[in-house]
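Consider the two complexes below, in which chain A is the common component and chain B and chain C are the respective partners.
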Partner chain A sequence: MSILNNLLKMITYQENTDREGFVLEETADDGHAARQSEPSPESEAVPQYGEKASAGRRAFKKPVRPANKAGCKPRRIEDGSVAGEGRPDQASCQAKSEQPANNLSVSASLEENREIVGKLYGLPVNRDIVVRDIVIGASPAINGFIVFIDGLVDKSVQDLLIQALMFFAVRPAPPEKGKLAAYVKDRLLPGNQVSVQSRFRDVLDAVNYGDTALFLEGCAEAVLVETKGWEHRSVERPTIEQMVRGPQEAFGETLRSNTALVRKLVKNENLTTEFLNVGARNRVNVAVMYMRDLADPALVAEVKRRVGSIKTDFIVDSGMLEEFIQENPYNLNPTIMATERPDRVAASIIDGKVALAVDGSPFVLIMPVTMYEMLHTGEEIYSRWQFGTFIRYLRALAFYLAFLLPGFYLAVILFHHEMIPTELLLAIAGNREKVPFPSLIEVLLMEISFELIREAGLRIPGVMGSTIGIVGALILGQAAVQANIVSPILVILVAVTGLSSFAIPYYSLAFALRIYRFFYIILGATLGVFGIAAGLFTQAILTANLKSFGVPYLAPAGPRTVAGADVVARLPVFFHENRPDYLNPQDITRQPEVSRGWLIRKDGGKDN
Partner chain B sequence: MLAMSNMAKDFMPYPRQLLEIGGPAAWMTPLGGLVVALAGIYLMSLVLKKSPGNTIIEATEQAFGPLVGTALNILIIVSVLEMTGALFMREYSDAMLTTTLRGAPISVVGAVFLAMSVLGAYLGIEAVARVSRLFYLYVLGGILILILSLTPYWNVHNFLPIFGEGLPKVIFQGAYKTSTITEIILAAVIIQAMGGSVKNFTKIGCYSMLIGFGILILILATVVLTYTWQVGEEFTLPLLRLARTIYLGRFFQRLEAIYILFWSIVGAIKISLCLYGAAASLARSLKLPDYRPLLWPLGLAMYILCLLPPDMSDAIRLEDFLRTLLLIPNYFLPLFILAAYWFKGGLQRAGS
Partner chain C sequence: MRAAKFGALFLTSLAFLLLTGCFGSRETDETGYILAMGIDKGEKDNMVVTVSIANTKAIAGMTGPGGGIGGARNTLVQSVETYGPLTSLEQFDTAVSRHLSLLHTKAYIFSEEFAREGLESWFGTLSRYYELRATSYVFVCRGKAKDFLEKNQPPLEISPTKQYEIIGNLYKSHGLYQSNMFKDFYQHIKSWTTGPSLPLVAIHEGGLETAKPGYNKGGELGGGKYVAGEVPISGENKAQFCGTAVFLSDKMVGTLNGEETRYYLMLRGEFNNGFIIISYPLVPENALGLIVHQARSPKYATTINDDGTVTIDVDIYLEADLAGTLSNVDFESTDVIPIIEGAFSSHVQQECQRLINRTQKEFKSDICGFGEQVKGHFWTVQPWREFNWNQKYPEAAVNVTAHTRIRRTGLKLKTSPVWEGGE
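Right, the complex of A and B next:
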């Protein structure tokens, strides 16, 4: 009977309430948790993004894994093991309650604090954690100790602080020891950013991030002084998104420097940078940047909700974060843009988009984006509009060639010879005469070789990489033709395809097209132009169905929205009167209809 | 999207039938059909106004009661859309076999169309509409280039005698043949995708008819101008023949493969729409919350139906008959519904 029931259950249609991509909340549990938790004033003020989230979803209980059945018991600090050696799938559990420091408060006893710090950091085994005893030279003298991580702090700043405390603090100490921390912060420490915290969680977060914590005898609070000063790259030129004209700065690995690079370009008090923590173990800082008076509040709330809901133990790069927050991770096309150029981020933020900068990652994420924006570089705006438009059309051609050319070639030579002029047909046939492989194998051989050269060129260090790439391609192509393994026309074809692929400015999109190309090769070889048409229809409908944070991926063409002056053709900048309609910005107007006031007024249009 | 759907038949043997009817005046045959189609949209809008916020499915049920209404919906709307989808699947598969994949079994080509249509219908009307929006420029541009490329072969005398075998035959028989479209009933099924507004329905319906019929008139005129109607009615696929005729120097000739690319996409859009319409109508009729589980069985049924005719000539003959069935959901059903409302209103007035 149970078998029958199971069979019936298997063949009965059940609505998939847990499908990602169509709903904004990842699982029903998340939705339930979100409803249970206290709504923030911001989330109350703005509607939930997207249509289906508000439609109400069926309660769906996720099965509990056996490993978690016992519940997430917080580990005691007496175990001696800090932050557990659990499996990755327990990370969310740990994030909630197993971090031993989460519930600990700073004690008034210096010895107790020292013992807790020692246990939390696994001292003395952990050798890069420095605990140094100090005596503050007030009268009477106050005992204390400082904690910091060697290598993360700026020693000159720290020396200055220690000097201030030990040598120059010749003031009478306050009679109430509980107020010592506030006294030290206000009177004795000259640091720029000094705060007082009473929870060990906050103390550890700060110390792990390069700050120095000061514990004082008799005071149940710790003083945190900003002493960040680790080794890092300086601001360098972009390596992936190079351009001829425009700013030549790129992001680095330091979050604060990255946010500052954006703020340097957007000198506006409405530029907001919020910080969120992601990753139960590495607790990486993620900066959410947007214009308070431009970005759609629902979009900002949605970005923060998605980032805040991530339960994982380790995020090291924005690429990992991107995969966690995008709507359609199974589609090849990227729906979030990563850029290393602050000017692109600044321009996007001014348009009403949201940027996410991850500490340690030199790529900042921009959302929402459309596919057309992924074919822009920003350089078109810096050069004359005619040049920009020309480059855009060239790039549009490259876009199609990058994934269609080999497949179409196969379709034509295998199924539609009539399309090829007789002379060319004879030339192709003559060249192919000695080639022993069928055309499909020939194309696959060359394409795979090209991909190998490309990958090898990337992995080989330094200048050798590009040299190997060029030499490898030349020698391999020439040798393959001489050995009658491939025909010369195919070498040209693969080279043009490769060049077109390199002309796609956004790396992830170019990568997606590289993979699509192989599908078209198979389709062209098996079904000819009809196969190519089938592939195009499938690719187009899957791409048209994509959304980037609620914005249709192919807007403003599919669906049709107000196109603006900067989609494929790049019209002169004085025509860029409105921000993109699909972003739903709070202020759609970028500039007045007549932005060049000098055309109509003698005073230069100062009042315009 | 509806205009693209309307254009799908232009790439098939359909224009040949109109050449047979109209002769040199073949280009006039769609004029009568256009008037009838516009009248059909007006009729359908009257029905939809009686049942605001609902589709034709609910309107039928309201007019005839739940039992008869559901039966009529399944018999008239679902089955006709299903058969039309199967018909197009067969015609497009045959067209692919005769033009490009001569050695391939029809089941394979049909299966590819089935896969495309199930995917399109699964992703929904919004996705299909976006794809239509993406490709319509290429399709219209392609047709325009085709027409312009053939201007060197045009002979205006081919239009004579101007009314062919007589205006009544051209107009009335042409109206009968060309008014058998799917777009009126499809628009009435997907009206909620147009915001549920009857005004939008009328506007979109009229525009799509004007574009669709306009393109058909242009194609027929080009065939007559280029080849004369006597030669034109010998072509199985007149538009493909026109594409083959293009000769822009030694390098640009025989460009029909490029056109096949876009025609296949138009075919996939048409079949997706028919499948979506059939599944959505059936789901609404049976009060199912989601149409998607019906896609696979309906798609499979469409595929099987498409394989039933033994050869292409039988398929064309069958098409001739089945196409007339489209008159029922497009024109007769709205008339019946209006009559039922009128009858009910009369009874109520008599009762009060």
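Right, the complex of A and C next:
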């Protein structure tokens, strides 16, 4: 009987609980609840939309994994334990609700608050946390202290605030001490963003992000004053996505200035910036930006659901976030686009897409994207449409050359001599006569050298980097040919391949093609054009299978949908009448059919 | 499950490799490319096969410090007496370190002696071989193909393949020879409508002594009165391409000279351009040169008479530019041009008729492909084959009408008379 039971058990579906898969550790509703428990001012600004989104969110319910929930019991800090005691093995299953400060409220006793702050920040060991006692000059005078992190705050703003509290606060103190915080906020502090919080979690989040917290004697709330002012890079020109025509601004590392750069381009009250927190340890802010009246609510909900569900301890760059939220991380092709240009983000948002800006990362994620959009730069739209179309076709050629050329060369040179014109074949063959390696080794040698130059050029310190990269390539190529290690034709071939891969505007896609290239080299060398055809077939199927936030990666070509005026060819801007169909925007119309009003003459053109 | 999937994928790709991969690959430095193959009649065995193998090192300029052109020869010519062309490839492999490949063979050259015995079986053999390119050119060599391959060293070209390719297209600018690819010739051998023909090549060892008397010395007009091997050229390269070898079925039966080849091309509608000299009726001692283009394809009208004979009317449309005008006549005048046109038309008609007479009486081979037109009278293939066109062609009545127009007078608009002194 037990054998039968065992057999039945073997063939019955059982969820694999050992391995990290794509099953969420937490249901959508859990995540939602967690976020609702800590509302941020931004999300309050759009309560109506948030409601809508939560309805959509429930539709994406995923199975719960009970084992993990059980293995991660919430820790309380009633015993006064501090954050530093968190054991590393528990970090992976930490939810926000388990951090020590989460359920601690601000006490009415100043001394108690000071003690808690000291414990939470590990004072006095922790030296960049400043706790400064002040006496507010109201009558009667009120004792208090401020907490801030040295280096994160703008000292001039802070001086102004302290000045206001200590010297100019000559009004009588309110009778009820409990309302003191609100009184200070409303009457005494000239800071531009001041809030009152009663939970230590919120206070800590604000202080960690450069705000100054003010604790007052007898008041069970803390006043948080916006004093952010750390050292940061100013807005500079794009370094990766350079272009000739168009705005020359790039994102920096500061989240607020990044969102402002977008908002500067989209002057519309419907542009919504929601904030989410990711990373249990470093609690990085992630801004979700979209047009409230354009973006598909289901898309926005899905983006927020995915970001909200992430449980990790540390996120620094949007690249890490990208990997956490994309659908097909095992495929080489990227399905989320990262850009450093606010104008691209603005254009995407206006199309009905969602942008994710991660604090500290100068690359903003755009989703969903198709492969065609990854071959765009946005510059085509700024230059004249003929130029844009020409560049797009050139880029399409570069796209194929970048991953097919070396493989195709090998296929032809090894299997299909009849495909090359005789003169060319004789030239290739003649130049190969002195090369001691088989063609495959020759190609691999060159390709790997090229990759080395590429990588080394990035890593060589300082200004000599790019110079040494180019010089290295030239010298290496020339010397390799002279030493009869490789044939000169191959140097040309590798150079063209390299140039083509640099012509792919999106770095991740170009990187994917760089790796695909090696697959095709092997296929071409072993199976000839048949192998390349088989590889292309497989790659096409795998790529067509990809989705970016539900949008097929090859849309609008595979599957075929309405193409629009801006896919491969770039038609004149006055033909761009609709937003991309696959985004399912709330308003598909971008402009009326006759967008150039001046063409319509009142006199029917008789004036001419 | 995932491991199983990957395993299956791995096995599939391994099967790809083991079942189809790797074995067909051949590095360029393991291959010897035969650029031209010549076939002569053998003394003790069937044939002497001569191959011209590309010396890729020399072609790419990699021999020695001074570059390849002055040093080693660009081709390596070898001959073997053997049973057939494919056997010869194996026999050559005993002496050459490379696998010899026919993939880039540009020309097959058969000696006249060999061609007169019939080419069908060798063409059949070659066309079955997977390395054959049916777009190779085929030539008939007056004399030995072996000599031709050994002595043909085109001084302007790095490799002989370019020579054959250019020659294959150059006929369009003069029409002194034609161009026939392997596939066309093989198809014509089997055809019930068109007789096969091939361009003639030869080595001309001498110098100017083969010249024939010119127009003013009682000879013929035109520069195309020669066949390959006779054109009076002295110079470095001894190879000549001129004229046409005419075949009946797969056996060579005769030759056309360069001039006749032009009219042959005109009748087929393949004449592109050429310099034709006619005698000017008003000043007969001075010839008149015209640059002639075929204006449009010829029109053929065919009738099968009640007694089974066939009448074919061919209309040829030509355009000409005035070129060589030796006499001091105002050729540009509108009075003169119709006279030239008339003279030119009758010249073309006469020459075409003469050519057709030769093909009917001498060769009995419809190389102009009139059968293609006559075939239209038959609904199915069987009655057409019973009609037996190749037998009927020598008796067919062919009338050629030339429609010619002088379109341009060259760069001159008017010729003024020479001032002949004050009398």
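The criterion applied here is as follows: the second predicted complex is superposed on the first by the 510 of 608 C-alpha atoms of A that agree within 3 Å, B and C clash if a C-alpha of one lies under 4 Å from a C-alpha of the other, contacts with A are read in each partner's own complex, and residues count from 1 in each chain.
Everything below uses one rule, namely that a residue touches a chain if its C-beta (ideal position, glycine included) is under 8 Å from a C-beta of that chain, and two chains touch if they have at least 3 such contacts.
As the structure is a prediction and not an experimental result, all values here were calculated from the model.
In the superposed model, A:431 lies in contact with chain C only, and not with chain B. When the two complexes are overlaid on their common chain A, residue A:197 makes contact with neither chain B nor chain C. In the superposed model, A:326 makes contact with neither chain B nor chain C. Of the two partner chains, chain B and chain C are each touched by A:527.
Once the two complexes are laid over each other on the shared chain, residue contacts for A:536 go to chain B alone; chain C is not touched.
Judged by the touch definition given at the top, the superposed model places A:415 against both chain B and chain C. In the overlay built on the shared chain, the residue A:227 is in contact with neither chain B nor chain C.
Shared contact residues of chain A with chain B and chain C: 415, 418, 422-423, 527-528, 530-531, 534.
Remark: chain C residues 16-17, 20-22, 24-29, 31, 33, 35, 54, 56-62, 101, 103-104, 106, 133, 159, 161-162, 165 touch chain A in the complex. Residues 96, 100-101, 104, 109, 112, 115-116, 119-120, 123-124, 126-131, 133-135, 250-251, 253-255, 257-258, 260-262, 264-265, 268-269, 289-290, 293 of chain B are the ones touching chain A in the complex. For chain A in complex with chain B, the residues that touch the partner chain are 13, 15, 411-412, 415-416, 418-419, 421-423, 527-534, 536-538, 540-542, 544-545, 552, 554, 557-560.
Touching chain C in their complex are the following residues of chain A: 413-415, 417-418, 422-423, 425-435, 438-439, 525-528, 530-531, 534.
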